[in-house]
């Protein structure tokens, strides 16, 4: 399990690639939101994660930045979405459209790789958390380094509207460094985007 | 009162410098994260709290937007790493390198605020470490400013203190001849404008900064303009014409009593 | 350069010097006599002023102001000589405001200066009004090398001395701060007695609601016309109560507007002043010009200075508001450096930048 130890909070994350049940996860999240009673609470707790389509993540820092901005928004009561976990998806999307953010960056029927993230106030035992994540996702847990094989640079370039700028870059390495930096910066300044 | 998240981050960071508007720190968001530079726009007690809050928010926003606009257009600027407009904190990529002011003759003297680097001796040999000559460096300055002006961002405070050279060790390039990169920093006074006048004044401010910081800077600045002209292309004659006007006026307007 | 004091080019006075200063660039007619004595002291022998006050809602027109100055010149100058106990024959030079300012009033006073010069065979010294403010401020407060905030009806500048020149670091890009306040006073029909700015300051003390006005700094410069229009727009708002608060929650009163205007505009002024101080590393700030007598501005400047371990120097209304003695002071410094204005060059100019003056008397 990877962790991001911020000053105030800790985020735990796992990367799954491939994922065999994306459609089912998505349906479960939708159902959990509607469910009532103690069963509903239990179900919501079972999927109380941010499921992020890993193909749209450029780097560890990209993910970290989105988590950090979501934490800041929550601490100030400025969440634009319902939970800190959905706020990560909102932060990742370059527009202010919430539905679009969840559709693009959240789990979808076609998601092949997923980051599963859970934010807590202070470090705690992670074995339970890992079990819960693994229960939610039917897939192969891989180290974060595997992200390099998963990232869909063309799609990110498209979402950030960088086609013309990328063409001017000398080679793929330069282009990716550029896209990564723009993606991270966009996430970081999302709260003051025009 | 509980201490805010960003305040807490600042407390655990290393103070670097303090200017009139902001305090600057070196920080890490998590122990594994790369370093970032925090710019904290602290409260001004002389200002009404309501005014303070609005102003801080809009300035952080303005600075972040200018940086992103530059970044997207390929201008070399530090990437943005965090924004907390409520608390007045902007976090940007930590540039491993040196301020240009200290790399050029005369710039290390009388250097009050800018203590990020520690250079004892002052001669242009330092530039060799970066693999560029003074002439090449001047051209790089002109090119970056031209790129920035092309997307209608006016820096507002162009000085050699607000430019950095990346250290070759921390810079990767596909072209072996390119060993460093000139980075424009501090967009705290920047704004958007399409006006030739504003671009000319931006250049004039730099010219004055050169003259006051680096002795016999005229030939140097001519090379900055040459780089600028080359990159600006068709818009250069108009800007040059306006720059000549601004020089004549000394500053912006004549005075009515 | 802070910390580096070079010897001043101004030689010690070999005898006592006396200068008559005449000022009339706007609606104040002033005459003052300055003495630079042999022991190095500068003594204000007299400083007389008469202000042309217009009815509420009206500004002063150049023609009427010039008329006022002509009508009052004899009395003011006579009072000034009597008070000082000096006769015209003892005067070393006659200093007058060359500019900047309003054309007609400037010309009236220059004409008076020329006449006196010819009558008594005294040399003339043309003085830049802004430099007059600065030199008087330095003399009165003892500030050595301050950043100067010059705020009046016609000028808004942040100035710092460098190489025999008062360099303008920042200034207004449109209207002057005093002009902005005066015009707003007219909009809400405040009295012009003793001055619109003073009355705005009193009203502002009763306001407590900060209304949002455009805060317009651009680098070291500021813009004020947008703020004036925004403040005026509030007076057309349906929540506006010209007669003041009625006890309702959501009302906008003239007092609130005066308060908001001062808070916003002064914050901008303090900000650009601080930027200049940081830039040149100065630990002194001197406020001159009519608006400089505003206590809220002085207070805000004081807080800023305290934060940077710096000192604020301000003068009271005798020297802040346009006066003759400041013209005498700057003129006499110039005269002692050997400068005189030949009669043929004693013209006036409405436009005369502070940085055009060769400050020969400073190192």
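Should a chain be cited, it is by its letter among A, B and C, assigned in written order, with residues numbered from 1 in that chain.
Note that contacts are C-beta pairs under 8 Å (C-beta built on N, C-alpha and C of every residue); 3 or more make two chains touch, one makes a residue touch a chain.
Note that this is a predicted model, so its numbers are computed, not measured.
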Most central chain, judged by mean C-alpha position against the global CA mean: B
Chain located farthest away, centre of chain C as origin (C-alpha): A
Chain B and chain C: spacing of chain centres that average the CA atoms, whole Å: 36
Between chain C and chain A, distance of the C-alpha-averaged centres to the nearest whole Å: 60
Rounded Å distance between chain A and chain B, as computed from the means of their C-alpha atoms: 33
Interfacial residue positions of chain B with respect to chain A in the complex: 4-6, 8-9, 12, 29-34, 57, 60-61, 64-65, 67-68, 71-74, 79-86, 91, 93, 172-175
Complex interface listing, chain A residues touching chain B: 4-8, 61, 64-65, 68-69, 71-72, 75-76, 78, 160, 162, 165, 168, 170-171, 173-174, 177-178, 181-182, 184-186, 188-194
Touch list for chain C against partner chain B, complex: 25-26, 99-102, 106, 129, 154-155, 168, 171, 173, 210, 212, 215, 218-219, 221, 263-264, 267, 270-271, 274-275, 277-278, 281, 299-301, 303-304, 307-308, 350-355
Chain B - residues contacting chain C, complex: 19-21, 44-48, 50-51, 54-55, 112-113, 156-157, 189, 191, 205, 250-257
